[in-house]
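The same chain A turns up in both complexes below, where it pairs with chain B and then with chain C.
And then the complex of A and B:
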């Protein structure tokens, strides 16, 4: 029987070994991501980001060598990278970053012509992963609701700029400490992230960097947002405008979009389209704790955005009346 | 119509009208927020400023119920006319390209010409619906065997698919400009503004009146062109008026709610089961039953997953698609 045991053990080792670690070439390393394990360059030199305001933005901020990015077309039919243009003044005309297509319409030929050595996308981009993988090693970073920084941390890791990430994180945490000291009133205060859109009401369980900053500061979600988060909703849902009073919280947050030419009054007007006279039915609004922030800063996880959000929220909360009781 | 039939028809009409009234009351009484019936009545009879429940009833539910009634009546009558004039049991604005044309035109009008919330929206929709209808008819007529029910359906699918592809391309290539169309394109009565409805209202009224006026001649046309001509019907004139009414009704409905699929197909067939083939009855009964149908469907769209709402068009399509399949098997 012994030779049989030996053969069985050898077979086990043989079949188990490939699953333990990917065998990568010199200068490459195995990287675990939402799409599995992929060999990527240890120090990538030519990276394409598959989403402007999440992936590309983080890469640019951390000083990673980005050569191409997903982009958008504005009302004037000009290409741009949302938030990247606003925060870092970068556009496709600058020559540093090439246009790799729009959402759901990526330009694979243009991407191949850029000869990238790494492509970084989100979990949502995995649908066409074979096409990306034919161009260069591709990794997909998951959005983890329970650990929002896992996304930028994953991008930094893939791009080989984890040291810069750690430095930036330390700066943010120091800023956070100062903000928490300045805002003792928000410890345990509730908030609702609401938004009017096309005459409808939207409520959010998560809103990217804004949710993180609010949680870091000590805010807690209101009941409706928490119920959504408990159901695993990462972002938000369109809900009946009839439940507006259920969205009552100590603070209300809403967003406007600079790229759309919104004014600070537009978010409230959009809510008014959903529920005429909405403000009068929420104490937080009538008492001046309805805070509007630019979406370009609110959704991303770049440290520039997080630090900016900290400052904006601190100023707005500090200058508004504290909730009663 | 003999006297007995007239009495039955009149009784049935008033019963259906009462049913629509009940559907309307049901619509404004239920929703994501539970409001006691007494408060609903108070909101109607003696509304008070600053009472949220009154806002819900008067500003959210009532306008939506009115939109549902108007859109349901318009699409059902449009479908009935199309089925009568073309003698095609599968004819309706959605299947024969009118809705696709109207939707496409509204997207172009609002997205590229900035016509949102203006009186031009129904006009653009009407032009689009007319072009869609002409395109479908022309393509079907050019096919071997001419414009048969089958070639019309295939042509409608082709035109609808083509226009949808252009819409998708326009939205993908300029997502900022077209960002507001996401929900409207699925056919929704939520969040529609009263101003747009008021602009569309004359179109609703004109289309319904025209349909009622030509109902008798449509009955003759439904028996065949030669029979109709033999009965002294100016078939060309009636066809033109019917096309105008269908275009106007589709345009008004699309302006308010976007594309609501299969309403114009389902309702006339249901009505025909009860009132027979006389369009003097089919047209008014389609209007009433269609109004009630969309109102009830919209209640389902609002409350089934409350507080999350689903587009009314998704529900009408889910209900209408099996009827369409049955009709294809039974009548094509």
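And then the complex of A and C:
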């Protein structure tokens, strides 16, 4: 029987040998991400972000060395980085961050000319991963709807600024604690995130940072939003105006866009285009609990945005009439 | 049509050569080489002609230069030329077979089929992986084209008109389904699908060059061999039958070849509008010739058109790049309108 035991033991060792981690050069480390495992610099010095308001914004906020970013073209054909310009006053003209292309036309040559040592993108950017990987080590951070902070946390980890991330998180959590104390009435209160757009009514299951802050404060989605979330809808859907009564909730949230030159009255006017007289159908609106927030702060997960949202929601809710019953 | 006659073997072999068409073909080929050279030397990463030359011959000034030339510029330009030729040849064949000057690959649902499948998978099953897109697009193109072909085939004649009407109807239905998915799908996924729908060669690589070349090796010679039946079919079914052509078989064979070329092109770069429509007409205006020479001119014209569109898209508005599909549409729409107006004017005479 001994040879049999020996063979069995050998087979066990063979199958039990752990998968070897990626063998990286000195100064590099193996990093697990949505695209697999990649060797990246332990302390990257020249990072390109493949999406402005999700990747670049987080990198800038956490003080990572960003040298290039995806951008957009405005109505005046000027290049800009959404939210990065508003929150940190940075644009491509400042010379600190180079333009790396637009969402469907990334400029691989411009990126190569920047000689980055790390490229950070989203799962959606994996379509052209071979091009990025020809330029520099590239990681793709997954967006996890059940854990929205996994995305900025992953970016911070790749960029080697996890300590700064932890500090910022602690500040946000302290602010959140103060807001919860100030707003005991919102524990278990329901909300609907709605908006009118080009004559259509839209309802949202998720709205980026706004959804996170509302959940952190103790709000719960209304029935329509929850039904969408249960179906796996990450953002929102266009719905028939006939279901307006089903959007009844303790609070209504809507958004306007500073960059478009919106006024605070515009969201309600857009809803009126979709459903004339909409406000009269929803108690939250007639009783003054229809709250409008700037989209530039509502969608992102940067700590600047989350803290600002906390302040705005606290002020708006605290100064509105509490829901009856 | 100025013709020269080449004689050999003591007069036993005589070839009539359309001089103007041959000269135009050579000019187009030279222009393509010119655009390729220009494309290799132009971009966001500064490289002059000497550096590009050195890079091509194994002595790059830097690793980055090698990456830029070999990984980005060269495959991109090659794919633009090949895809342009494929779409143009496909459009020409369809125009001959249907005897409709406004026919192009979208008539047989190639672009729409590819778009529906790619958008559906991107929005409904994003986990399937981006690398599957070319295969899915190819499958979608063939499936919709087959549906249109089957639905319009009949033993009772009148197939051409039925084919055109069926193509327009099915394509419209499929486009509306695609629009619905884009409207109601998750916004990030819809944006990803829209990027593909714009039709762009900016992210292609050597894999695309390889399988486009393989397709060309098999399908393009078959196309050239089809010049004879095409010559007869363009005079109508009765004349072609009288000339000994098995019209039904030739027609479906040509349509299948046209679909295969267009589907391969769309699978590589997404839908590129108007090339299949415009290139055959431009080629005809450059030089009148027989069908075989016209197909050569059409292929070269299509290649030059998309090559130029891609080059213009990335150089004209730098640092912002515009997808080649948008540029070809910007060129194609005015030409399309001009063709319609010209046809109307002729019918009023």
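Rule of thumb we're sticking to: the second predicted complex is superposed on the first by the 305 of 325 C-alpha atoms of A that agree within 3 Å, B and C clash if a C-alpha of one lies under 4 Å from a C-alpha of the other, contacts with A are read in each partner's own complex, and residues count from 1 in each chain.
Just so we're on the same page, a contact is a pair of C-beta atoms (placed from the backbone, for glycine too) under 8 Å apart; a residue touches a chain by one contact, two chains touch by 3 or more.
Keep in mind that what you see is a predicted model, and the values were worked out from it rather than measured.
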Should the superposition on chain A be reported as showing a clash between chain B and chain C, or a fit? clash
With both complexes superposed on chain A, which partner does A:124 reach: first (chain B), second (chain C), both or neither? second
Can A:29 be said to touch chain B (first), chain C (second), both, or neither? neither
In the superposed arrangement, which partner chain does A:274 touch: chain B (first), chain C (second), both, or neither? first
Touch test for A:46: chain B only (first), chain C only (second), both, or neither? neither
Touching A:180, do we find chain B (first), chain C (second), both, or neither? neither
Answer with first, second, both or neither: which of chain B and chain C does A:235 touch in the superposed model? second
Can A:113 be said to touch chain B (first), chain C (second), both, or neither? second
Touch check for A:101: first (chain B), second (chain C), both, or neither? second
One more residue to check, A:73. First (chain B), second (chain C), both or neither? both
Set of chain A residues, in rising order, touched by both chain B and chain C: 73, 77, 102-105, 237-238
Chain C residues touching chain A in their complex are 43-46, 64, 67-68, 71-73, 130, 133, 183-184, 186-189, 191-192, 194-195, 198, 200, 202-203, 205, 319-323
In the complex with chain B, residue positions of chain A that touch it: 72-75, 77, 102-105, 198-200, 237-246, 259-260, 273-277, 280-281
Can you list the residues on chain A that touch chain C in the complex? 73, 77, 79, 99, 101-110, 112-113, 115, 124, 126-128, 130-131, 134-135, 143, 233-235, 237-238
Please output the residues of chain B touching chain A within their complex, sorted ascending. 31-33, 50, 52, 55-56, 59-60, 172-177, 180, 182-184, 190-193, 302, 306-309
